[in-house]
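Got some structures for you, see below.
Next come two complexes built around subunit A: one with subunit B, the other with subunit C.
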Partner chain A sequence: MFSFCTDPSTLETYQWFACYFTTGKHANFYWAFVTVLLLLAVTAPTSLAMGFGGASAARSRIAPVRWLGHGYISVVRGVPDIAFFLFFVIALDQGLEFLRHSALCPDWDQPIRQGNDFIVCDAAKLPLGNAPQWVHEVYGFALAVFTFAIVFGAFAANVLYGAMQAVPRAQLETAEAYGMTHRQTFWRILVPQMWVYALPGLSNLWMVLIKATPLLFLLGVEDIVYWARELGGTANPRFTDYPHGDWRMWYFLFLLVFYLAFTRVSEVVLERLMNRLTHGQATTGGEAQRKAA
Partner chain B sequence: MDSCLQTIGDYGLRALGYGERLLPRSDFTLCQQFTLIGSGMLWNIYFGVFALLAGFVLAVAVAMGKASSNRLVRKPSEWFIFLFRGSPLFIQFFFAYFFFLSLKGVSPIFDAFSSAWLGALIVLFLNTAAYSGEIFFGALKSIPKGDMEAADAYGLSGYAKFRRITFPTMMRLAWPAYTNEAIFLFHATALVFFSGFPARQQRGDALYYANYFADKTFNPFVPYPILAGYFILLTLVVILSMGAINRRLNRHLGKAPKLKIRPTLIR
Partner chain C sequence: MNKLILSTALLAIGAGAAFADGHSVVRLGTEGAYPPFNFLNDAGEVDGFERELGDELCARAELTCEWVTNEWDSIIPNLVSGNYDAIIAGMSITAERDEVIDFTQNYTQPDPSSYLVAAGNEGLNVETAVIAAQTNTIQASFVAEMGATLLEFASPEESVAAVKAGEADAVLADDSFLAPIVEADAELAKLEREELIGGGIGMGLRESDGELKAKMDAAISSMKADGSLNALIEKWEVGAKF
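This part shows the complex of A and B:
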């Protein structure tokens, strides 16, 4: 990376660190942070959308749709966390392969579950056996995003459902009195007003989502936890020996600090956003702002 | 039926290291899955109960510390809460494991810390203390002003005031939120053997065995629902016992406020 790195014998300690932390292997580690941020950037809107769908379904006037919405919310929220993550990744993978199998290989006569094996025809494998490495990585990442979205969508649905209920009833009644249809009332009155009620819950959820990202490691993505373990260890089968002892503690300390900083920044930003949204609202917060001004 | 009793005899305490040494390797029966995953639940209960009991004491101390007017007490309490609530438990486990591992090099006294039964328990204890401390602090701040004024008027002060007025009122206000915290804590115990802490001789918790079966049979549709069933049972027990305490805390009020259970996930 730096020109002085070419002659290792002359290096002083700090220079050695500068060289060591810019090696190709460490670049992988830094890219993993980008993966985490990318996951957050993709998952947050997806789960918000899932949550919006779930909450609207739970409020629906059609009974089966309502049951579906309530069922989705309560099943996902009732079952312990990581069990869900571990379950969904395999279940989704097998579900997709089974669907492709039924579509692509209709004349396959053997059962799919043979004892302990799950066998589909070659054409139905996901990703295909001859696909390049990046396809495998993207597929794993997409499964992870989808799993996160399902789980966090249920939590977002719960928050948004509560927020929708919190919008004063009189507002909706007024809208109906003006002759608005259900659809119009929903989009023009309910949705714009619910955000201020939803924000405390959603910001809480965002914090939880940040703290859930290390679980990517459990889903088989090569994320920051994976690289911290790899690079901090003394040696491992894929590379030659590292020039240091067991540094995993320091690598994880670095991750700990990263997460703390990330949480702190989010807290500050969300607080500002809340201030903006409360402005001019008929709530205690809005009233306090009006008096202070 | 007999063979199932046999399996329970062999594997019922497998998670603690008693009974059959080798785990089943093929031809998994439902009975084996139920028994082993249930045996793993013993670890989840162990971690949950002890972390909760010890965490409670520290949490009260931290909450009082955060509410203190003395900077030297307040700042450390605030930092403690921020440190454990602001970072993922998963990373805390990893860090603690490698930290204890390097302490082991310093002195053999620290040997026990790098095994899950003690090391992970300490992490869970500190973690729940921080979360509950924040809950108790919130409750402390919302004790009605009149209650404290009445205590002053009766001439209560210092420890007597804390023991008779502040503490019981704080508990009463915090209890619904604390019940939720207890539930998350039990769910969080499932992370132990998936972080740094190794499951020596395949003595793991419920999720460890569920994952073992899912990997071996490549069929997640049996072990994970079993695991979920066990956890739902455990959650019900927690809700019932916390509800009993809630009624006791509010016995002078005639009707206890209903506990509102709002499970969240991952900390």
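This part shows the complex of A and C:
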């Protein structure tokens, strides 16, 4: 990157580090931070939406929809994350390829499962075998978002379901007395009031989600923990211009600081949000705010 | 102008032909953490003996190849489910693996495995020691069968770190992998005892992919015949020549 980097072995310490931290390998590390933040930015709203859908389904007046909602919440919450990530993603990927295969290659005569191999015609591959690497990466990322959304959506659904039940019955009764329909009561009375009950549970989920990103590697997406391990590992002088010993501790220390800072920022934001949501609510917190004002 | 149209048309036909071919792009899966066989260089790209070998094989077989890295643990499942088309990751040919996937002929000679220990601990009796090895490797199964205490690690790097931390007495791994480590670190040494395990390294392919296997086998044979494989083996010091 810098002009003086041609022969790192002759450099002063600070110049050496300037070169070291700007290698292509480190660029991958920095890029992984963007990936992780992007994943969180996309996954959080998606899981919240899944959770909202699940919770609404679980309270539905139509029995099959209610069963579906409860089924989703209990099954996904009960399966270990790592098993879910290993099984579900492969099943989803193969399921999609199978559907495309049936649609695109009707005259294929070989079996799809040959021993251990899963073989579909080339046109049905997802992504296509000749697609550039970035398409494969985006596809992997999309699978990751979807899987995270399903897993965390189930937990969010349970939190939101509990929050919906926690809104005082008197509030809903009053709404009905004013002649509001079910739909109106749900959107105008129940939903605005439930957030204050849901937020502590949701903030827990957010904290867990922040730290769950190393699961990404199971899906072939290289995250910050992978790169910290890779970069921190002993670098042998035969294979690199920047030999060093086992520096994993320093890289992981950096990750520790990053995660702590990130969770701290989240805490501050969530606290502000809680203050705002409490405002005017018929809860102890709301009452305290009213008295202080 | 005519020339331009003609060459555009030829290009279009060429592109069409490439698309119609079974493997327009062959994706090569590797671990990227096992120097000198495969590792990530300073630029973050796959490098090493197998990088050069793979590129040359693809050129000889007239294939367009792309490199993908994948964790060692899930490298075979991802091959059979079609995420890439070949494994070229220092994988020894064993009967156990051959049941699940197919191998080309070996492109390295069977490489002895050595023990890496802390310097001064050369008198270690390996049969009663705690030995670290990477999971799902021939070395891990060997240690388990020998009866020593086996400590398994997900990456080769971690198994070496275990010896340095005193968690394990020795690492059992390919000699070509351990040699540069011992050379660079005065606190480590190798035992004289070596184990002859494994049948050489080959490229792993899906069992249903006979076409690619034939092409790669032919390319490896041609590299063995003209001595270019030996030149690569010598350059990267990955064991005996053919």
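Operating definition for what follows: the second predicted complex is superposed on the first by the 272 of 293 C-alpha atoms of A that agree within 3 Å, B and C clash if a C-alpha of one lies under 4 Å from a C-alpha of the other, contacts with A are read in each partner's own complex, and residues count from 1 in each chain.
Following the convention adopted for this analysis, a contact is a pair of C-beta atoms (placed from the backbone, for glycine too) under 8 Å apart; a residue touches a chain by one contact, two chains touch by 3 or more.
Worth saying up front: this structure is predicted, and the values here are computed from it rather than measured.
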item	value
Side-by-side fit of subunit B and subunit C on subunit A, or clash	clash
Which superposed partner A:Phe118 touches (first subunit B, second subunit C, both, neither)	both
Contacts of A:Gly220 with subunit B and subunit C, given as first, second, both or neither	second
Contacts of A:Pro106 with subunit B and subunit C, given as first, second, both or neither	neither
Subunit B versus subunit C as contact partner of A:Glu230, first or second or both or neither	second
Which of subunit B and subunit C A:Phe252 touches, first, second, both or neither	first
Which superposed partner A:Gln133 touches (first subunit B, second subunit C, both, neither)	second
Touching partner for A:Asn28 - first (subunit B), second (subunit C), both, neither	second
First (subunit B), second (subunit C), both or neither touched by A:Ile90	both
Overlap of subunit C and subunit B interfaces on subunit A (superposed complexes)	90, 94, 116-118, 217-218, 229, 246, 248
In the complex, subunit A residues that touch subunit C	23-28, 90, 93-94, 97, 114-120, 122, 125, 129-131, 133, 136, 217-218, 220, 222, 229-230, 233-234, 236-243, 246, 248
Residues of subunit A that touch subunit B when the two form their complex	77-84, 86-87, 90-91, 94, 113, 116-118, 151, 155, 208, 210-215, 217-218, 225, 228-229, 232, 246, 248-249, 252-253, 255-256, 259-260, 263-264
Subunit A-facing residues of subunit B, complex	26, 28, 82-83, 86-92, 94-95, 98-99, 101-102, 187-188, 190-191, 194, 207, 210-211, 214, 216-221, 224, 227-228, 231-232, 235, 263-267
Contact footprint of subunit A on subunit C as seen in their complex	18-19, 22-25, 27, 32-33, 35-36, 39-45, 47-48, 64, 66, 68-71, 74, 77-78, 80-83, 85, 100-101, 155, 157, 160-161, 164, 180-181, 183-185, 206-208
